[in-house]
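Sharing a structure below in structure tokens format, with a few things to ask.
As written, the chains take the letters A, B and C, and residue 1 is the first residue of each chain.
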Amino acid sequence: MKTYILRRVAQSALTLLGVSVLVFVILRVLPGDPARMLLPDGAPESAVAELNRQLGLREPVIVQYGLFLRSVAHGDFGQSFQYRAPALRVVLERLPATVQLTVAAMLVTIAAGVSLGIFTAVRRGTRYDVAGTILAVLGQSLPNFWLGIMLILLFGVALRWLPTSGFAGWTSLVLPAVTLAAFPTALVARLTRSSMLEILNRDFIRTGRAKGLAERSVVLRHALRNAAIPVLTVIGLQIGALLGGAVITESVFAWPGMGKLIVDAIFFRDFPVVQTVLILSATVFVGINLLVDLLYTIIDPRIRYS
Amino acid sequence: MREQHPRPDHIGRRDFLAVSGAALALAGAPSLAAGQAKRSGEIAAGLSERMLTLDPANHYSISTTSVLRHLFDPLIDVTNDSKFVPALAETWRPVNNTTWRFTLRKGVTFHDGTPFNADSVVFTLRRVQSNSKLIKSFVYQDIESVEKDGDYGVIVTSKRPFGSLPAHLTMLGMLPPGAGKNEEAFFQKPIGTGPFRFASWTHGDQIAMTANPTYWKPGIPKVEKVTFRFIPELSTRTAALRAGELQVIDRVTPDLVETLKGTRGVKVLDVPAIEAQRWIFQLGREPVKDPRLRQAISLAIDRGVIIKELLRGYGRPVDSPVPPGLIGHMSLPPKVYDPEKARQILKQAGYSNVSVDIVLMKDFYPKQLEITQAVAAMLGDVGIKLNIKNLEIASAREQRTAGTYDLFFSGWAHMPHDPDWYFGQWFTKAGSEKLTRYTNPKVEQLIAEGRVPDPKVRQAKYEELERIVWDEDAEIWLYYTVAIYGVSDRLRNFEARRDYYVLLSDVSIV
Amino acid sequence: MAAREDAGTRRRWGRRHPTMTIGGVLLGLVVVASLFAPAITSYDPIKPSFSQRLSPPWGLGGTRAHVLGTDNLGRDILARLLYGGRVSLALAVAAVAIAGVVGVVVGLAASWGGGKADAVIMRVADVQLAFPVIMLAIAIVAVVGTSPITLVGVLALSGWVLYARTIRAHVLTIRGLDYIDAAAMLGASDIRIILRHVLPNTVAPILVIGSSQFATMVLLESGLSFLGLGIQAPLPSWGSMLAEGRDYLSNAWWLATAPGLMIALVVLGANLLGDGLRDLLDPTLRNVEG
């Protein structure tokens, strides 16, 4: 068991290193250059060249990467090209908002998604199942921004129950979290449903039923535990999606999170910020998936890696 | 059931009543000095462009200039009809073609109490000229020396004539000399001489400022607190205004005007802006190198329909590359819509089934994609196929630099209310070599001659060069934009500005 | 007599598999409508008509001439939906197919091969997953340029990992089961085991994932269109229609709602079809109904 854990940790570290190299190289391969994004259209070429030099972009890529690794070891992720402030500080400023939104959306996803999945699985074939499936489909297929703006217009403008946008107090978290959770909730619901249906017919469940165990106990204890695997898979993947893919929700709600930060940074070729966000979120992502993998082994002892 | 979260107007009204009540109660007691501010209330504004920095010398964004104007004062201000008026400088005079002399206002202090004087100006100007890492640095490269002339005078000499220097200085806030000691720390809590003091800001999200009680202009500011929130998403920005969370928003599109007008408590203010929307050509490349093709393209575009239908009238026909009110504006023969003539020209020049690429910077200008598609249909009618390439900004600019485009959707807000920068960038060989590849020695000479401080000379030179570029269809000038603002009925004295600035120091709220 | 019996059997089949039938019918309708767009509508989806801008749908203030209203350039929305459907459906189908094939193959290879192959493949997947799809898309499109093929590639790239990981998890579960070991001991080759025992058991999750992914692909296409990386104007696609309708949600909501609902319909159909197929193919589940 211990060797397994160590091995997984080493793998994770390798993954992170791979991510850092890939980010670094991709950014410098992209067309367009940072100085030209920062300077207005009316700036002369000499100013562009000079600014690029000032930003350290004239060195060979290997040199830049070496310098980068060395400063990261000291906790310095460089200066944001856009904001001219330490990239780490710019990113961390966005952390509270991001964490709040991600956690809230995750909670909604797990609570609503798993419940809906169980509900439709248990009531399979009835009109409740159909209604639940349609709800899930809508959640999966309505565009994020459409849902977000409609919610803003309804709850913010027409009813004035909730703030229309911004990061101020828990009321402003409600609409963005619901909007962001819509898609993963639907996905989790559907996957929970199909996993549950599969499990509900396995032999050992029938045995349990035959033995006279209460239906509820059968469902909750045995079925859920076994259906957890694919659901955990999806949840693990969704966290990555939530972190990096909350862009549209953050744009719509003017939510100062990392999703919008990174997309803006990509468009503006703000290399330090992109590098910082990706490495940080990759760390979180890899960490969570490490956890999920370890949970696999606890839940299903049959899974072992040869 | 309506208001479940605290709304600023309740606070404002209470304060206002309290102050008025107190004033009435004190009737007979020595009254407040005439014009002394009875400051009250808070204003929240929503801007479409993110603010990236608090350093006046390190950006070239209209929106950021507008916000920083509240923290810092420049030497010179510009009014809405493009007149230059004193701010921290009381007078400015060209001593000769390459020397400007400024006299400064006395009795002004920075937010920390230190006095404003020539040291500040010298520091600010020298810094922006010498530190090439600053984004605004390139504008001031022509400056040769900045010297004190007593404690309240400054002499600036330049390598070549710099007639537009005062205009540029309207966008540069004055910094205290102490900022140089630790710039990074300074710009986390900046200090200026402006009507508001810095309170807080989150990068790219919002900035809050509180009133400066010792501001040198009497009666200013009129509110206690001002917050600027940056909300690029149009629907969200308008929703916040309609819900009463914001009192003013900028960059409203023509299609939303009716919706806003129909919202209670909200009105719409608009004013023709000093911005021209234009398409530029890659003049070094076939086929748009050919002036006849350019002329045909211009004739095939029905600018009137664009203004009337797509912009719902919120646009003005272009009669000069320089918008009205600015030096250099003139009345040139308008570009007509004549598709028949366009077809004739194409036929005579031997063009059949010609195809050109237009590059757009994604989401850069409002309704740009819509207008481009409309024009594509118009060009299709005369036999020109327009391929639309809507690229992310960095890629689009890369293509422009590399010259792999025929047309490029561009615009120019003539900041700072002066066309010298525009001409210098787009119509000189050096300026346009990585842009339009325009070269015309005669035009270049006129631009150089137009740099002198004498406005009459400048007007004459600009008129002459404009006739040339207008005739050769060097660019397609589509329309002048109209700046549209959504404003709460609770604001008093808000001015819809032609340069897209949102200025709140003399605005009050009820 | 035989004919009547056959017809009866067919009807009962349809009634016994309502989900699949409804799903199939929905999808089929949309596909057919898109294919036969020129027969259904006479409007040109590309040519602007300035005087007709932003007409509401029929019944909500508009005229019968434009049943679903017109967009910001006066173009008929129904026409754009149908012609755009061709593009969006084709892209999504191609992307799901490619992602599925790649994902299943890679997942099988990783879990069956085990050891080094597994480790490397999963590392690559991890590294790719750590990148937001949008960044990968921007990078790829920036270097290669926008084209439908690039778009399909990017979409497929975003989707293969889910297949791979789920297949892998399933395979690792199944692999420990007795009957697999028994088959191996009896001398069955790896490939045979995979094809006869492993693969059929993974069909169910593949179908469910596939039907979910279809929706994801269509929506991802819309996300890429926002960023200017999708189908270039003036060609319609559901994604670009959504993008163009974004700024009009407050005053002309039908621009974005029409493609949004269309996507929802297609997704509903795909999901029902997927569910129905799974029910049909997985024998262990058939008894639940009876």
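Quick notes on this structure:
Assume a residue touches a chain if its C-beta (ideal position, glycine included) is under 8 Å from a C-beta of that chain, and two chains touch if they have at least 3 such contacts.
Nothing here was measured: the structure is a model prediction, and the numbers come from that model.
When chain centres are taken as C-alpha averages, the shortest distance to the whole-protein C-alpha average belongs to A. No other pair of chains has as many C-beta pairs in contact as A-C.
Put simply, the C-alpha centre of chain B and that of chain C have 45 angstrom between them. Computed from the mean C-alpha positions, the centre of chain A lies at a distance of 21 Å from the centre of chain C. Averaged C-alpha coordinates give centres for chain A and chain B that are 38 Å from one another. Touching of two or more other chains is recorded for residues 30-32, 149, 153, 267 of chain A.
Residues of chain C in contact with at least two other chains: 138, 142, 246, 249-250. Touching two or more other chains at once are residues 235, 239, 392, 394-395 of chain B.
Interface residues of chain C facing chain A in the complex, by the touch rule stated above, are 114-115, 118-119, 122-123, 126-127, 129-135, 138-139, 142-143, 161-162, 165-166, 169-170, 172-173, 176, 204-205, 208, 212, 215-216, 218-219, 222-223, 226, 242, 246, 249-250, 253, 256-257, 260, 263-264, 266-268, 271-272, 275, 278, 282, 284-285, 287-289.
On the chain B side of its complex with chain C, the touching residues are 234-235, 238-239, 253, 255-256, 258-259, 305, 309-310, 362-363, 369-370, 372-374, 376-377, 388-392, 394-395. Taken in their complex, chain A has these residues touching chain C: 11-12, 14-15, 18-19, 22-23, 26, 29-32, 124-125, 133-134, 136-138, 140-143, 145-146, 149-150, 153, 183, 187, 190-191, 194, 197-198, 200-202, 229-230, 233-234, 237, 240, 243-245, 247-248, 259, 262-263, 266-267, 274, 278, 281-282, 285-286, 289, 296, 300, 302-306. Across the complex, chain B is touched by residues 30-33, 36-47, 50-51, 54, 82-85, 90, 93, 149, 152-153, 156-157, 160-167, 169, 171, 251-254, 256, 261, 264, 267-269 of chain A. Those residues of chain C that touch chain B in the complex are listed here as 46-48, 50-51, 53-54, 72-73, 138, 142, 146, 227-229, 232-234, 244, 246-252.
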